[in-house]
Amino acid sequence: MPNTKYLVVGSSHAALEAVQAIRMHDSEGSLTLLTRDSHLPYSPTVLPYVVSGRSAPNAVALRDDAYFTQHKVDFVRGKAVKSLHADRNAVELDDGSEIAYERLLLATGASPAIPPIEGIGSVSYHVLRTLDDATKLNAAMKQAKQAVVMGAGLVGMHAAENLVKAGVPVTIVEMAKQLTDGYFDATAAGLIEKAFTDNGAKILTGSRVVKLAPSSLGATLTLDSGATLEADLLLVATGVRANIGFLNGSGALVAHDRGILVDETMQTSAANVWAAGDVAQAKGFFSEDKVMNAILPDAAEQGRIAGQAMVGDPGLRRYPGGIPLNTYHFFGRHAISVGSSKVPEGGEVFTRFDEASGRYLKAIFLDGRLRGIYGVNEFFDGGVMCQLILRGTDLTPVKERFLAEPMKVGRELMSKLWR
Amino acid sequence: MSTATLEKPAAAKPKVILAEGNEAAALGVALARPDMVAVYPITPQSSLVEHVAKLIADGKMDADIVDAEGEHSVLSVLQGAALAGGRTYTATCGPGLAFMFEPYFRTSGMRLPMVMTIVTRDGITPQSVWGGHQDAMTVREVGWIQIYCESVQEVLDTTIMAFKIAEHHDVMLPVNVCLDGNYLSYGASRVELPPQAEVDAFMGDKDVNWHVALDPSRPMAVDPLTGGSGGKGPSTFVRYRKGQCKGMQNALAVIEEVHEEWAQRFGRRFAPLVEEYRLDDADYAIMTLGSMSGAAKDAVDAARDAGRKVGLIKLKTFSPFPVVALQKALAKVKALGVVDRSVGFRWNCGPMYQETMGALYRLGRFIPSMSFIGGLAGADITEAHFQRVIAETEALLTNPAPTEPVWLNEKD
Amino acid sequence: MSAYATIAFDAAKCDGCGKCMSACSIQKVGADDTARSRIQIGGSADAGFELALCRQCGDPRCVAVCPAGALSKDGASGVIGWDATKCVDCLLCTVGCAYAGIALDAEAGHVAKCDMCAGAPACVPACPTGALRHVTTARIYNEVGHWEDLFAPGLAGCQGCNTELLMRHTLRRAGPDTVLATPPGCVPGMGSVGFNGTTGTKVPVFHPLLTNTAAMLAGIKRQYERKGREVLAMAIAGDGGASDVGFQSLSGAAERNERIFFMVVDNEGYMNTGMQRSSCTPYGAWTSTTPVGVGKGPAGMPSQGKTQDAKNLPLIMVNHRCEYVATASTAYMEDLYDKLDKAIAASKRGFAYLHVYSPCTTGWRFPTDQNMEVARKAVETNFVTLWEYTPQEGLSFTRRIDQPLPVTEYLKAMGRFRHLSNDQISHIQSKVVENLAFVKQLAQVAKV
């Protein structure tokens, strides 16, 4: 059985950061990077741009073969882990072979969650999680006459915008009462919705698809209102689910909930096994509850911590907890959200909205400390805001100025606090 | 006055010249082919280094010459050169020797086999620029080999031999060739110059820093701190010191060997440690050091002619003190008068006298003895002075020995 | 691994004029539009000015969070480059960066960041106050980082001492074909020659006497020249031995133009033996032999530290017309390195002398983390001046301080001057002016 000192499963941000962290500290120990994907590493976040054609599929790689050669990484593509045998430090692959490890990182990410809608198996639909999904969707988009996007999260919204720009009539169907629920509030969502409707998209919020059936065009969707929609291009973008199927053999050893439960160094309940990225369920920043925070910056952070922990890097700093961070670029406008969207008990909310310019700012405070900040067309430094939240900086003395000019005052604080 | 016994003629006919002692020393240095000479002028050494400088300037000597800014640096430059593998030479005296004391002490500790002529000069103050052994005697406890010459020829020959003694692997110590200021330094006499090729053959290969070197091709830390009261320090320090003393004792045999080889090659034999002159049937002896020995021998000859049973013991090697050879000579006599050209302040006698007392003690037999001090600061010790020495020594056979030294030039 | 040049910002010197931003925007977008500058100065005169600028991080978060591979750190220049063809305008990089170093250029519609203008940042020369500096010291590491450190690990200097740094840099530069003299003082005190059979140095090394360093080196050098071998004979000596008891041999070797490299590490006293006064100790300084007390000191003056001014040893060496004489400071490593190069080269032709001002944490009484700051203050107040001299070019400043800080900024940084009266401070300040004028005169003479 081949064995490797470090086995990293997955090839996106968490996995790549872990590899980097391991190699910072141990330049020689055998390291295998294993992915079920057949491509060089890429980010799921870039896929909407592959769909739109802005990014060429062959130009999105985050690492090339030279990197792996230089860093002595055995990069194995096209092989998935079928079972984890944490009791004997080995993984079993889908081809039946096994690899023994000394330390394992599970960064297997997530897959689209397909809602259990009647008839969904009878129609063809797209998802968007892999590069192959993206190239397929890009091809389909060029022929599409009528598109429906199920789910108004960022993946669905990006794809919908692409379809709009490609001249395909598109309808977005979202269960929640607003678009981008969980990312932005109703006001921001209203701005986003307006941008979409101004560009010809149809938005159906508060609507659920209850039935799917094949039709001459492609598929007929029946909504909970009874109305129907026709589509020759259907994208299901209703969320993701952590890839933890391979735990079946080690389910008892590796504690899991919606994802694999990890501690502050990304270690799982099993010896020699760590998890990071979209597959991991780690503590949130605002509470000790373990949450799924399937966003790119958090995946990178978790991957790095896991790599440092695996390699015994004394520079390891414990995971402070996930802070939601999102940026969203739509029809030439920008929306940024940093931190919690929930207003805690005793919290304060500040909003500023200029309808004429479409500039919107919302900030949430607790005890004078920033908890979350959102902006549409209101540019501030997301990284600076994130630090203010992480550090629990008391903004009481500068709050008025901060709200008036968050970028300027944020930078001032940066200069004083962590220059 | 003859100190060398001609045994056989040298293979090639030697060149004969008239030279002063300082020039003879310079010629001896040139024949020994040092790599580096460092100089600082001082009376009565100056003409010696002037001769060396001229030999180099005239292309008759292949050496680097450093006109240092003082004797302290003279010796320091040479230490550097020796540590880099060079054969080194200088000359000094009196105040110059005093000024170089700091590196002087260190040269023997680092076992650097350099040769330095001391054109002996009395110590100041009283202010004086003339000869006397006070300078060399004052530093007799610093670990240098000290050899005194009687004649100009001996100066030349001994200067060459001194390099061979110093560089002997059983010795590895610096050598002072002491030649009496004024009397030898400026006294001209017939000198045979040995041929360069034969001197080269005599000297053999140069290997002066095999034991300690500052050489990037074999890096080492030279003279790291040692001693103290803990760890390896005390033992390390003791072993260094003991090694110096061992080298000093080894030198006794090496000095004899080298003199023997010199005699074989060049036909001139000098007593290497102790010369016994008309001693075998003597009742008593007088003891001398350096150039005074000529006049002393003349006085002994005259006394013998008068039927008095006097002999002479001349020390050539003062340091290491040749205890065994001296005892062999002392065993032959019943009374001893020792003539010093310097004083030992602590014992109110001459330093050689004091040292000889140590050798006498080990002899296990009491010999009455007395100390004579003469020739200080350039004063002559004439045959007449030695007649007095002989008479007063002879008196020891019957009278009690005086406790005070006799100051020979006090009433000159 | 490489080290990189960087843009350093000294907020205390910034007056918020914005010229850096104009220069940047002109350079980058062809218009004086400070909003589009990639260097952003914020704040105010009251609150202090601050900087938002890419740090070109070693472990850049912006790169880690870029989904498109559009950002990458260039291994050669250290610059984090942005690839317009790959960027998808997602702005995640702005969330990753904690320093506001990459931000949206709203007019361009994409992010923009500092690219160091291909090694010649336009902002730096535009800064009129010196608040921005292009620090290229990293070149030293890149050039010599792979050279062998010719001192062993574990030299035992005092905490916060910069001499170990100086020694290691110097010998690394000198290379293995060196014979090193470390006369009694702090350098052998750290273990350069060693104790009882261990040594701290990988090249031939020795203790000369305190008095004969230059002479011994001269002998070594000349013997190797005689053998036709190129060996650098160099000293790392203290100021006490060089300026006091060892001055004769130093002067003699310089006068003979011996081909050696003599470095003096000037910590202004006999620090290794307990901080006694040397002739390089400055006026007013407390030392263990110029103590502060109520009794009368020399000339009937109260005992308030040293009552004489320091001997200016490097200027004395200039008067030997050495092949090379320079002063340096560990606070200015590039300058030091330039001078090391020149001194080593000059030592092949004649006597090379380098005088390095080296604050002594222990003896000068300042916190152990302040060594570089004290060294810098000495220069910034003109308490010491950095210059170099060759017989051909004369004397010239290598770092001219035209707007010096008051000397009190230097004096108050350490405890050895704590007791100074106003009169004493006035004396020191006037000496600073006088010394500077003197060196300037020499520099002027050189230009005639």
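Should a chain be cited, it is by its letter among A, B and C, assigned in written order, with residues numbered from 1 in that chain.
Basically, a contact is a pair of C-beta atoms (placed from the backbone, for glycine too) under 8 Å apart; a residue touches a chain by one contact, two chains touch by 3 or more.
In this text, all values refer to a predicted model and were calculated from it rather than measured experimentally.
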Max Cα-centre separation from chain B goes to chain A
Per CA centroids, the chain at the heart of the structure shown is C
Of B-C and A-C, the pair with more C-beta contacts is B-C
Chain centres from averaged Cα atoms put chain A and chain B apart, in whole Å, by 95
Here the gap between chain B and chain C, centre to centre from mean Cα coordinates and rounded to Å, is 54
Taking each chain's centre as the mean of its CA atoms, chain A sits from chain C at a distance in Å of 48
Where chain C touches two or more other chains simultaneously, the residues are none
Among chain A residues, those touching two or more other chains are none
In the complex, chain C touches chain B at residues 176-179, 188, 193-209, 211-212, 214-227, 231, 233, 248-249, 251-253, 255-256
Per the touch rule, the chain B residues reaching chain C in their complex are 35-36, 38, 64, 66-70, 72-86, 88, 102-103, 106, 213-216, 218-226, 231-233, 236
Listed in rising order, the residues of chain A that touch chain C in the complex are 13, 17, 42-46, 49, 54-55, 59-62, 296-297, 300, 304, 325, 327, 329, 332, 334, 336, 338, 379, 381-384, 386-387, 407-408, 410-412, 414-416, 418-419
Residue positions on chain C within touch of chain A in the complex are 11, 40, 42-43, 47-48, 50-52, 61, 64-69, 85-86, 88-92, 94-100, 103-104, 106, 109
